[in-house]
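Lettered A, B, C, D and E in written order, each chain numbered from 1.
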Amino acid sequence: MEMLINITVNGLATGMLIFLLAAGLTLIFGLMDVLNFAHGALFLWGAYAGIWVYTSSGSFLIGIIAAIITCCILGYLLERFIVKPVYGNHIQQILITLGAMLVLSELVKVVWGPNIIHARAPEWLRGSWEIGDIFFIKYRIFIIFVGLLVFGSLLFLLNRTKLGLVVRAGVMDKEMVQALGINIRKVFLFVFILGAGMAGLGGMLFGPYSGVIYAEIGLEYGILAFIVVVIGGMGSVLGSMIAALMVGLLGSYAAYFLPEIALAVNFLLMLAILIFKPSGIMGMKEALK
Amino acid sequence: MSRLKQLSKFKLTLSVLTIGLLFLPFVTDSRSMLIMLTKIFIFAVFAMSYDLLLGYTGIVSFGHAMFFGIGAYTVAICLKAFGPSIPVLLLAVVITIIFTAIVSFLVGLLTLRLKAHFFAMLTLAVAALFLVAAEKWRSLTMGNDGFTFVIPEILRDRVTFYIVALVFMVIVFLFLERFTQSPMGRVLQAIRENEPRVESLGYRVMHYKITANVIAGVVAGLAGILYAMSLRFVNTAVFATELTLDALLITIIGGVGTLFGAIVGAALIEYARHGLMDLASVHWIFERWVILLGTVFILVVMFFPKGIVGTTQSWWVKRQMNKVNKLKPKPPAKNKNFTQDVG
Amino acid sequence: MDTILETKQLTIAFGGHVAVSEVNIEIERNTLKSIIGPNGAGKTTFFNMISGQLKPTKGQVFFKGKDITKMSPTQRTRLGIGRSFQITNVFPHLTCHENVRLAVQAQMKVFYNMFSHFSRLNEINEKASEYLKMVKLENKEKELAVNLAHGEKRKLEIAMLLALETEILLLDEPTAGMSLEEVPMILDVIRTIRDERKRTIVLIEHKMDMILDLSDSIMVLFHGKLLADGEPEEIMKNDQVQKAYLGGLQDDAS
Amino acid sequence: ACNSSDTGSKETSNENPPKTTTPAADEKKELEVVKIGLLTSVTGALEAYGAQTIKGFELGLEFATGGTMEVAGKRIEFIIEDTETQPDVAVQKATRLLEDHKVDFIVGSSSSGDTLAVLPLMEEYKKIMVVEPAVADSITGSNWNKYIFRTGRSSSQDAVAGAAAIAKPGVKIATLAQDFAFGRDGVAAFKKAAEALGAELMHEEFADPAGVDFSSNIQRIINAKPDYLFVIWAGANSPWGQLEDMRVQERGIKLSTGAPDIAALRTMEDMIGMEGFTVYHHSLPDNEVNDWLVAEHQKRHNGEMPDLFTPGGFASAMAIVAALEKTNGNLDTETLITAMEGMTFETPKGPMTFRPEDHQALQTMYAIRLERKDGFDYPVPVLLRALSPEESAPAIMNNR
Amino acid sequence: MTLLKVDNVHTYIQQYHILQGVSFEVKQGEVTVLLGRNGAGKTTTLRSIMGLNPITSGSITFKGETIGAWPTHKIANAGIGYVPEDQGIFGGLTVEENMKVAMKKKDDATLERMDWILDLFPDLKQFWKKNGGHLSGGQKQMLSIARAYINDNDMLLIDEPSKGLAPIIVEKVMDSINQMKDKTTVVLVEQNFMMASTIGDCFYIIDDGHSVHNGLMNELKHNEELKRQYLGIA
């Protein structure tokens, strides 16, 4: 029983972490329909810049803020110079954002060197609380907390304001939205920056979770983020959350109960969802044929 | 009329180029150049098979490497197990064709159920399962370390192998070119445009999509055979997503839906990689050649929005049209080269 | 009476909303039947169930006495049911000629020809050009369909339907958005087909003058139900039709 | 085997190396050149390892030739090629080295996959490859050919060393490794070695190499209650923090693993006190070569210390020079092979010997404990005992 | 007073010269109808005014300001509503959401207009939560018109509103335009001559990218010659 709780909490935390990495992509890819392969580079930069500021300033919070700001700036530059000319054209998006991905990942090595970098949780988030055989690793509880916070704010932003509607409408028919008096370019820019900032946050929090950061996390976890957004159902924040938690929990359970198939479990989950719920967990019917 | 001449001019250039390439090994003895060209040919084939899906049927796959990998492992395992002889190689080819056909048939069935992104993710998952299987079935595959094997005597010579790869590429190109221009190929393009409408014209969309999937899968499998043979080594990298991304990049850079673009794209990427890297001795900045490679991608999108071949074609056609009618230009005559949104 | 198409208790509901409700209708071979009814009455949905785009929740469709309810759109087209769409539905990035050619190719049953080059298939190409000429699009042959003006797309749509040469033609507002000058041309095309009496036409239109001119019979849908079915004069006299559908202006129509 | 400056190179095919004389016909008296291709990861995931090998190799050559870059009347040149950590690129680059540069030796590479892919070429071109630092057992095992020598240690050597550090009769050991070739090989070898020493292997745990969360794996280990947990880990993400978070050591399970390079040692704050083994840390060997390496490395690379794979690069250079000295500059491959089999040469880790059977260099490994030490901002491996080359010798696996 | 002035506008789409000198003036409070055969350039004219097809020469003045080079959203916010030819419904959004996206303000006047619109098109009320993409052709047309009505616009550009509408709804749309006349000026592209002639005050004929003829609607009604020449009405 205790074991089950431990595994579950850990799985939840991992799921939350994945959600944090994917949340920005839910906006950029799910909502704005931009196949942003540079998303991984964004959280990579968030991780490096954040951890760097954190280790040199000693303050974890300043590190987080630095990560978010860095990624917002990067997001701005990406949108303006890379993504803006290719809205609505997936093929061009793939190529140009992959190019940006290569450039940004390599730049990380230029700036911070090719070695892996150690990332440790701040003093106040180290260690764990224990109740008998149940233990809660502090940093993981922290991640769950931040994840919920981000989730809540996103839901608020998309459901209580016109923003979500306008973006979705803009993706369907950009001209019409403009003809209704909305400066869709600005809206897209804003949402993109928002998504980038969230990627920065995710990257920063990833560091202490895994203990190290290195230049390859961009591609490795970038793909995972895509998976989560798609199987969650394009553009559904709730879906991404559920998908991320499923990936986290299932990974955790499988590693414990079925270690032999642990490697394949993510993909089996994906197959199962796509076959039985072809439009993703929270997907709308349109995704179906 | 003049267009016909243009066309044959293009074909003539191609033939000359092919013959030139055929004789290349006899004028140069740089084997590393032959190896690079061989690799270009193999990847061109792989990318052409991808283009058949992406450019002509509008299917995005993130798991195309699975067919490539099946071919690579099949030939490697066969040659290792039964010895390096031509009959064994032929056996491997047959097994690859059968196996890739079955897998692509099954995967193709799912295209009916799933739309763009969802299908892409499904293929990603299936390919990843192949990767895991290759990793886990260590008695057969040696996992990600991989294993080396010996290829049949006559193919060991790099020149022979080069010519085989070149001929193979030309054959595949002609085959696919013909296929895409055929009535059946045109239906495929229509499916990419508007699938339900094709149905209501009385075509069985499923048959076409599956055919495209199977052809693309088998061709990719054959490319995988050549690839493994060129390395005489195989490991799990042949199932990696990066490989699919390579095919995707090559196709897009060359020009989606142009077939020939795949060849140009493969040459460009391969050349850019090595050319840039070799410049490292010229200036330290080229040690970070990956940055420049990324920049090349970005520039291609900016200056060749439809890929190199695609954009050149439209530019050419437009120029012809302007020549014909200066006052009020009529639209392009034949426009098979456009970048279509696949989403 | 020689019935070519028949529906029995044809019904479809979207969620709770019953869009077409228990419609029984028989359409006589080689006649022209019009369907009228207010917006949202279920006319297009009715077509969708005949041509197979939608599966009815209840009821059956018979074509030449055969139950085709479970057939796919493809099968129905091959049997001889062709349709045009209300919302223009063409292949946007193919040229007009290629659009029509796909229809001709289907009609000539060139389905799986993998290797002959298209330029060799002269007959198909020529036929496609003929149909384009028929709808006066010959000067747009090489234009991509996306680049057409709205009315031109409508004409292309019709050309594609004609090229299928099906026994029954389902026309969904063929002249919507077509200019005053072009409407008579389409009318002529439809009238010619009707007068040949070799094919059956089912027509959805809101242009009453046109309907009265062409129809052998008219059916009226109202809130998904069959309100009336009969000779044009009969229908025009029907009070309910007057009130629910026509309003007071049809007399002004030129 | 040709003139550095070109001209006659086409005639002198590499199969018939010219005898030591025949100086080039230039006005300057040029020495004959020995060319070495250094095939390594300059970019990609293993870039950091590649850099270590290169630095070590440069210094090794210099040390071996006393700074002259000449041996037995020949000048040594080397060319670096980047494998990008991709097997197909590795093959391409190796061919280029062999064909265009006509190198006499190849040294490399950083990844086992890259190295394995290159092995058949060496047989084809009949040139010697000194493998460094790729670890896969199959390089000197099933995929071996006689042109292959390895100065790097193999997975099995790691395992044997790891076992020697902790295995004793009555000790219960669990293993944690990543679920791929490196981990599986390593565990199998470790198991054999540790059981030979009388230990009981009671639990094997394999984790997703791409994972971030290993708590379930760790949980299972905790359940198994071993005395030791032996971890075999490669790659960037690591389980150390989670082992600490889950208080594995406090539950009486001692941790053991191979100490990695300095960048990764920094991530092992939580592992202070751990006993295990290492291939190299600059503070461990006590010999002149190492002293020179440490001093020179700092001088050249602004104060940086040699790292895990620096001595390997160094050793590969030493091996080649030693072989050339032994053949007196004769570049004939067969002669070289004969000379190198059983050859002992100096390295920063003390003498190494190429075992004649599989050409694996037997070398000293180190049993260590991680400790905090003044002057270091990371946990330092402190020597418990040097494991002699014989003690850490792996089984011969090439069925020769 | 002239509200909108289109002066010798030329528009290219890609390399095609679509508008080759279109000029017309719209007076406040009038309904101006653009007529012409298919492909004449009527839609392109409206799109050029909205800034959706940028003009290459000529000028467009609205309320005294030159808006020819403005971005679309700025033009819309200057007080122009647009009902596109293809309706421009956001298919994935519900009817309600479609209206919400369009709504610029949420004041009393807007809410009042909303009531009026829902009275006009009760179908919309009935399908308030339905996906725009699932509406019938005519319902889409109604929604598109409703979206343009919801804001307090000085001018409306309406492209073929009657297409696909049942006669009784056409009548309602005409009514609604008449009702708004005092506040809102309308530029209408219409093929339904009955509708055009009933509510139009003046007309312009566009042919082959040129504005070729204009006058008062009453004149056109009785000018058989003109009707035959440009409109094909015998």
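In this section, contacts are C-beta pairs under 8 Å (C-beta built on N, C-alpha and C of every residue); 3 or more make two chains touch, one makes a residue touch a chain.
Just so it is clear, the structure is predicted and the values come from calculations on it, not from any experiment.
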{"item": "Required steps from subunit A to subunit D (each step between touching chains, minimum)", "value": "1"}
{"item": "Third chains touching both subunit E and subunit B", "value": "A, C"}
{"item": "Chain whose Cα centroid lies at the greatest distance from that of subunit E", "value": "D"}
{"item": "Between C-E and A-E, the pair with more C-beta contacts", "value": "C-E"}
{"item": "Distance from subunit B to subunit A - Cα centre to Cα centre, in angstrom", "value": "31"}
{"item": "Where subunit B and subunit D are represented by their mean Cα positions, the distance between them in whole Å", "value": "37"}
{"item": "Separation of subunit C from subunit D, taking each centre as the mean of its C-alpha atoms, in whole Å", "value": "76"}
{"item": "Distance from the mean Cα position of subunit C to that of subunit B, given in whole angstrom", "value": "42"}
{"item": "Contacts with 2+ other chains: residues of subunit C", "value": "147"}
{"item": "Interface hub residues of subunit B, defined as touching at least two other chains", "value": "135, 290, 331, 340"}
{"item": "Residue numbers of subunit E (touch at least two other chains)", "value": "16"}
{"item": "Sites on subunit E touched by subunit C in the complex", "value": "13, 16, 36-40, 43, 85-86, 123, 127, 130, 134-139, 141-142, 160, 163-171, 191, 193-194, 198, 231-233"}
{"item": "Subunit C contact footprint on subunit B (complex, rising order)", "value": "178-179, 181-187, 189-190, 193-194, 196-205, 207, 211, 330-335, 338, 340"}
{"item": "Residues of subunit C touching subunit B in the complex", "value": "51-53, 72-74, 77-78, 83, 85, 89-95, 98, 101-103, 105-107, 110-119, 121, 124, 142-144, 147, 160, 164"}
{"item": "Residue numbers on subunit B that touch subunit D, as the complex places them", "value": "29-32, 35-36, 39, 135, 138, 142-148, 150, 156, 158, 227, 230-233, 235, 237, 274, 277, 287, 289-290"}
{"item": "List of subunit A residues in touch with subunit D within their complex", "value": "3, 6-7, 10-11, 13-14, 17, 106, 109, 113-118, 120-121, 126-128, 130, 135, 137, 139, 206, 208-212, 214-217, 220, 248, 251-256, 259, 262-263"}
